[in-house]
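Take a look at the structures below.
Shared between the two complexes below is chain A, which has chain B as its partner in the first and chain C in the second.
On to the complex of A and B.
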């Protein structure tokens, strides 16, 4: 029962925020693996599976990809109307983190980044989401969840 | 759990069999299904290479798995679990369907598309973080693995034992068709 990492991809398919949680005392890393192969492969996977989901699903209603799993991990995806993608990597036993991802977006992202006048509207090509308030608040929220450890 | 559709992919990712057993999915052209099969094959391979777990990044999770099952098979001579899909993509959950992948030791992939899990699907209140359900999807995966085994059995009996079937080519057997319908409807 663990959450391994948390990523945000912007609408230009770039990883603007990456947060990895490790079991050790250092507590993981922030924005260290935005350009890593893992983040890129993960995005590519979600992107092509999203296409499958919308093709196979209902014509009228939008069919959202919610999660995918392998034997080792489960990826939870939430896509906002503005094209931001929130991704959490967890243990395969955790079924549904849609509510958590929604909370991360609607409460923490919107309040600390979208409503922040000093924060850019759109991330430039080398800009990362490094708002300390956002980082500490999402950290506190995620680590308070019963599924975190 | 209702099975909508069943696909079989050969070891190169080509679609060799496709059967819509129950209505519920968008009807796609055969070309779209070929694209879908190819995408799944690629994504399955990518998923087995991803190591998203920071603490375990050092050890080779996933990569050695198929190798181990095969070497065990030769060393012990005992039959192993037919499912060699331990590190690749196993399941996809969306609002309207779940998709499951089962890979045999020979690289053949069986894909089943089912209705979504009623326990997990949309029943969780949006502000309740305390009762995130655990293991329900795993249970459903286990029950589809049982279906996959039956399907594999049918495939071995009615396709592989057919003297007129050439390997990795599309399956055109009415007998197999009939048995698959019996199993999944």
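On to the complex of A and C.
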């Protein structure tokens, strides 16, 4: 079981954080593929699927998109009421990462970004989330999970 | 109140909130910010109100994330629900007060929050000058309006917030009003509209 990558999209639909984990010693890459077609297409697909999901059934019952899988990958999505989207790409065998995504938001994002007065929260069009403490703490958290490798 | 909230505001205040050990420090810090602004803007109180509002807005944009993280709240379905959430959960967990929601307009878009106590204004008396201008012009706790405006905008509610009464000015109660202008639409990715 493996976690491949982790993305955060802001409420302006921009990828403000992208982190790829490679199974080697180099530790992967950070904020390299924010503008990549993969990130954009993935966001567009999740966006459309989420809209379809919310149109199924009546309005009262929240029908949130949580994950979707392909032959070799599974995408996990968590969206906050403020429109931030946290996405993890994993092995298809991992079926639920909602609590992990919630932890990334409610603990790591809130403490290192929202409560960090000098970090932007509403990212301008060329700003990225590059706060070193956020990167190292989320790396440590994710790599400590049994599903990481 | 929304059923999706994990705890009541009361329980959260007791168990889940880091409290400032010395709330006087908080009150006095806010007071010195206001008085410094009055000096910086040469007692132009309208300008001071605006600055406080702007500061509050920036706080609100961040505070909403902490609020959501603590409560696990989802977006409210109606503005009535929002009002309850602000009073019973928001004010409760951040200031340990529970303002009364009242004076709804017919269209359900404007309501008042009556603050029975105001931790920002403990110990404060507005100085009486010869012309009493400060009592006419300064809204001492204007930062709260900005906080509400900023926080609500992040959950796609465009609101105006303003004070109509303040006991500091000699009014019978402290009252602020919220008016919903519109529900903002979530942004769509480029090329999707």
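Methods note: the second predicted complex is superposed on the first by the 147 of 149 C-alpha atoms of A that agree within 3 Å, B and C clash if a C-alpha of one lies under 4 Å from a C-alpha of the other, contacts with A are read in each partner's own complex, and residues count from 1 in each chain.
Heads up, the rule we're going with is that a residue touches a chain if its C-beta (ideal position, glycine included) is under 8 Å from a C-beta of that chain, and two chains touch if they have at least 3 such contacts.
Values in this document were obtained by computation on a predicted structure and should not be read as measured data.
> Following the superposition defined at the top, how do chain B and chain C come out on chain A, clash or fit?
fit
> Tell me the contact category for A:121 with respect to chain B and chain C: first, second, both or neither.
second
> Using only C-alpha centres after the superposition, what angle do chain B and chain C make about chain A, to the nearest 10 degrees?
Rounded to the nearest ten degrees, it is 120.
> Please indicate which partner A:98 is in contact with in the superposed arrangement: first for chain B, second for chain C, both, or neither.
In the superposed model, A:98 contacts chain B only, not chain C.
> May I ask you to decide whether A:107 touches chain B, chain C, both, or neither, giving the answer as first, second, both or neither?
Once the two structures are laid over each other on A, A:107 reaches chain C alone.
> Counting only touches as set out at the top, which of chain B and chain C does A:44 meet: first, second, both, neither?
both
> Determine, for the superposed model, which of the two partners chain B and chain C contacts more residues of chain A.
Here the partner covering more residues of chain A is B.
> Tell me the contact category for A:11 with respect to chain B and chain C: first, second, both or neither.
second
> Least CA distance chain B-chain C after superposition, rounded to whole Å?
11
> For chain A, which residues lie in the overlap of the chain B contacts and the chain C contacts?
44, 48, 62
> Touching chain C in the complex: which residues of chain A?
11-13, 40, 43-44, 47-48, 60, 62, 80-83, 105-107, 109-110, 113-115, 117, 121-122
> Chain A touches which residues of chain C in the complex?
Those residues of chain C that touch chain A are 61-62, 64-66, 68-70, 72-75, 77, 154-156, 186-192.
> What part of chain B is in contact with chain A in the complex they form?
Listed in rising order, the residues are 25-26, 28, 32, 36, 39-40, 42-43, 46-55, 61-62, 85-97, 99, 113, 117, 119-120, 124-130, 132-138, 141.
> For a test of understanding, state which residues of chain A touch chain B in their complex under the given definition.
1, 4-5, 20-24, 28-29, 38, 41-42, 44-45, 48-49, 51-53, 55-59, 61-73, 75, 89, 92-100, 102-103, 145-147
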